[in-house]
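One chain, subunit A, appears in both complexes that follow, with subunit B as partner in the first and subunit C in the second.
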Partner chain A sequence: MMTFSYYPGCTLKNKAKDLDEYARLSARALGVELEELNEWQCCGGVYPLSKDEIATKLSSVRALMKARDNSGTLVTLCSACHNVIKQVNRDMLTDDYIATRVNNYLGADGQYHGETKVIHFLEMLRDTVGFDEIKKRVVKPLNGKKIGAYYGCLLLRPAKTMQFDNAENPRIIEDLIEALGGEAVIYAERNECCGAYVTLEDKDFAAKRAVSIKNNAESMGAELIVTACPLCQYNLKVNAAGGVEVKYFTELLAEALGVKEGFDE
Partner chain B sequence: MHRIGVFVCHCGTNIASTVDVKAVAEAAAKEPGVVFSADYQYMCSEAGQNLIKDTIKEKNLTGVVVCSCSPRMHENTFRKAVSAAGLNPYLLEVANIREQCSWIHKDIKDGTEKAIVLTRAAIAKVVLNAPLVAGTSPVTKRALVIGGGIAGIQTALDIADAGFEVDIVEKRPTIGGKMAQLDKTFPTLDCAACILTPKMVEAAQHEKIRILSYSEVCGVKGFVGSFKVKIKRKARFVKEDVCTGCGLCTEKCPMKRVPNEFNLGMDERRAIYIPFAQAVPKVAVIDPDHCNMLKNGKCGVCAKVCSVGAIDYKAQDSFVEEDYGAIVVATGFEPINIDAYDEFAYSQSKDVVTSLEYERLMNAAGPTGGKLLRPSDGKHPHTIVFVQCVGSRESDGSPKCGKSYCSKICCMYTAKHAMLTREKYPDTEVYVFYIDVRTPGKGFDEFYRRAAEQYGVHYVKGMVGKVVPENGVLKVRAFDLIAGEQLQINADMVVLATAIEPDKTARPLATLLTASMDTNDFFTEAHPKLRPVESPTAGIFLSGACQGPKDIPETVAQAGAAAAKVVGLLAKDSIVCNPCVAHSDEKLCNGCSRCERVCPYGAITYVDKEFKMPDRSIKIRRVSQVNEAVCQGCGACTVVCPSGAMDLKGFSTEQLRAEVDAICK
Partner chain C sequence: MSKQKANALREEILRISNVDPLKCMRCGKCSATCPAYDEMNYHPHEFVYMVERGAVEELLDDTSIYRCLSCFACIDRCPRQVEPAKLIEAVRNTCLRKQGANHFKADMLPGKLDPELPQQAVVSAFRKYAK
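So, the complex of A and B:
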């Protein structure tokens, strides 16, 4: 059994419990234990661009420090948390101005210089477990179901920092879908921003984006869309109700591995 | 007793503004051995040179130090001056107080201090200089041109017309290069084939030109004037001297589904094929990756139908070694791989094409016979969007690994494509998205304006952010920077003006030739302004896009210039060698062979030699010997020699130590 430090994030304790639970069940089935960090704090949900305010980066840094002291690797799942924590980690590694001020603040709590490796749950599946291994563990294959992966923006960009996949032509979720026995549907808008961030300001705009994405996936033959992001999930499901079904990729994984029933909704 | 003269140049204000030249001259005068020290405004001028010559005679100098620009600039000038005054030219040292001193310092105090130190180092070295005499080496009066595109063909023709033999080595089965794939050429819109194929034929028929197609350079030895080049002649499986080019085999071959590289994979060819109708040499070739006979020993149709018996399934790669006096690199360019640019949906839709593919779609000999048809369904497109600068002009460190440079040719060929599309099919709407339209060149800007103004091409300043294929339509999302609004154009085709980069074979070739390249793998010229067609490596010349993005007129001009330089070299019977070569002290040599292994020119050999030992016995030892005619004086052997036996004349270890000591004093 392999163990990784795990940062779930607030949404996964609330609206997106299923994203989290299916991931834990699947991981266990694949021989990986996700060890939730003690006393983690909300990442803030949006990477803070302002350079003169360090308070907004502290929760990420604390999580990163804990992970460093545990196993050195931090697994995340929510796209927004992954994006924030990975970008803050880069700042601590490369931006002396930010790193110095953060470390001055932390003082006796310890020092941090970007030592932790931050990986997304999907990267853990691909690089640690391996898609070939997952294929072998599938008990309920998806029988060629046509599934469109929806990446959104946060997993992929900024590409230089995230280093997740080819930002314009990603494959990782498609490869997972195929390992689970489904047929991956490639559609152009799978890496477009869904617009969820502007929901509170301009709900119609967010809805328009979401409808466009769903239509594009459907027109290319998708019967189901899977996503890794609670925000996208909400926007695609609630703001753009109707049309093709949207699920978390972890639900699909748990289903194919035959451990879905372990989750008590 | 040494009698050294020091001459400090002002170079106008180039040196004098950040170096106190008088102080340098005064400091030099105090150095031991210096009997004369002066400054002058332009040391390279005739008056400056006369000052050096007169002083040598008056003061009976034994060594000269000129403090001026880089030795790459004027070392030869001053060597000639010194020589004219009767002093051995190698008793001159140049202290570079311009490029490495005055130009990079702002503070006159720092500049002066450094100039004095550099001068002191040069004085310390010159007292150890020994007179050297340059030998000569013969020139093989033949040239090699690597690459058979328009650049290589033009260079070869110009050299051959001057009366020298030329070999063209082309890796593909035919010469012609990229130009053979083009439809029309800007700005005059004459057909590319009509102006290229006569040149291809002329090259083939020229008595001084030999075309080695389907061949690659795989080894280069020697140096300017006498290169030895190993050429791999890839097995064609068709006897080149027997095949008549009738093409019957290419019709009967049952392996029909091989992607046709000449049409960029947009149609198919057979396993035995002639690349295109006007190929030179017009000889078939068998693609061993797809031929059933070569892979499984079953078939043999082409051999049966060939009436002249040209098919030879047992053919093997062969190697030839040839002597040349000069080598011209004309390896050309390739469009970049655009995997990282899939926001334009190139991998998702067949109707998104590169400009070179569009060129084939417009070409009468192309996969659609010159009719503009969408690759996905063969229908006539009504709205076409051109996107410029795909992969060009990207900021450094972009995650897409795009090119920081401007690919130069795209603005013009896109204007050409847009214009020709509107002319042939007035019912199409054509949009061009650009960052800037760059069309300097004779008749070029007029050409672009004609596309925009007379042909009604919609030029939109702004970039396309996304292309979404959906239900047979390409939704092109872009931003119009001038109107300040987002656009969505429902297009039938999207054409990407892909950045160009040097051919993939250029880098390994540069290594074989020891020719330098820039960070983008374009060959570097000896001087960007004054020696644009020569590589810094003597005897290597540059022609066409291997040196930087170029259009056809510029390529042809440079090809001619390279030929003129080659002819200038081949017209000589011998060239003066560099006397600053390595030599081995046999008594110190321990026979380890490291120098032999590291020598890029093959100048070092080992011989068994008899040595008298202190006890009067005779011992045979293996020691290194340098062939001075072959050595280029790179100094690599002196660095690896563990026993200090190897030394470089003019740059001996002792001299370099003296320089360092003078600097550290």
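So, the complex of A and C:
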């Protein structure tokens, strides 16, 4: 069994327990153990873009250091955590201004220079397990169900840092859907913003975004939308109420692998 | 605002954003791709040329700075690597870093909670709207 360091993040311990649990159950069924980091801290949800934001990057760096000292690779699942931690890792590797100041803060805790490899759970499925292998392990195929992958922003952009997939024409979730026996539905707004945290500032604005995305997916024939992000899920489900169901991709995976019943809500 | 103060703010915004507005060729792609375009009085391309000519006061006082979704679309799709979102963030930070200038406060939260709201929304809102 392969073991990776794993960073769940705050939402996966609370409102998005299902996103986390289905991932762990599926990983185990595929021969991968996700070893949760000790005493991880919240990533803050959004990458701080300003050059002089240092303290807001420390929680990510501490997680990265722990992962470096464990397996060297850190697996993330929540899109927001993945985005923040991966962008901070790039800063530590390439930006002397930021790396020097962060390391000054860390002091006796040690030094960090971007050594850890950060991968999303989906990349682990594609590159470590392999979609062909997953296809062989499917016991309850999705029987051609039409499913729209919703990527949102944070898995894909900024593309040169995330290096996740083609940011304007991604395939990774579609390939997973097809490996599980579903039919992937391509629609234009699958990589446009769901409204994100603006739901707290201006709910009507957030709802406009979510409704537009959902309508677009439905108009292309989607019977279900899958996401990797608790906030995308919330906006599409609550701010764009009605219409097709929205689920985490990990639930679909656990279902197809026949391990879904292992989740005790 | 005096010209001197506006200039000092402009320098501050350029420093913390690390953006060079002179690289902009005014193609407008950033605004064309912005999911918050309809909700903004000043749009991403306007942030670039307004900061460039020191018209920062209008930007600091406008709600447009709280409409950016951090979707990174303008960062990725800018053909000149100007990255306007960094400028919008720097203007917002310049505003929020003043004492008592938090746009989102803890006592506003209870009225906005609902049973399904993920923690991620709350931490993200505090990061974007408060210091």
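Assume the second predicted complex is superposed on the first by the 265 of 265 C-alpha atoms of A that agree within 3 Å, B and C clash if a C-alpha of one lies under 4 Å from a C-alpha of the other, contacts with A are read in each partner's own complex, and residues count from 1 in each chain.
Here is the rule we use: contacts are C-beta pairs under 8 Å (C-beta built on N, C-alpha and C of every residue); 3 or more make two chains touch, one makes a residue touch a chain.
Here the structure is a predicted model, which means the values were calculated and not measured.
In the superposed model, more residues of subunit A are touched by C than by the other of subunit B and subunit C. When the two complexes are overlaid on their common chain A, residue A:G243 makes contact with neither subunit B nor subunit C. When the two structures are aligned on the shared chain, A:N215 is found in touch with subunit B, with no touch to subunit C. By the touch criterion defined above, A:A159 reaches both subunit B and subunit C.
In the superposition on chain A, A:E192 makes contact with both subunit B and subunit C.
In the superposition on chain A, contact of A:G262 is made with neither subunit B nor subunit C. By the touch criterion defined above, A:A167 lies against subunit B and subunit C together after alignment on the C-alpha atoms of chain A. Judged by the touch definition given at the top, the superposed model places A:G181 against neither subunit B nor subunit C. Note: residues 158-159, 167, 192 of subunit A belong to the subunit B contact set and to the subunit C contact set alike, using the contact criterion stated above.
Those residues of subunit B whose C-beta lies close enough to touch subunit A in the complex are 339-343, 345, 347-348, 397-400, 466-471. Note for the complex: subunit C touches subunit A at residues 15-18, 35-36, 38-39, 66-67, 69-73, 75-76, 85-86, 89-90, 93, 104, 112, 114, 116-125, 127-129. Residues of subunit A that touch subunit C in their complex: 9-11, 14-16, 42, 44-53, 56, 78, 80, 153-154, 157-159, 167, 192-193, 195-202, 205, 208-209, 229-231, 233-234, 237-238. Those residues of subunit A whose C-beta lies close enough to touch subunit B in the complex are 158-160, 166-169, 186-189, 192, 215-216, 219-220.
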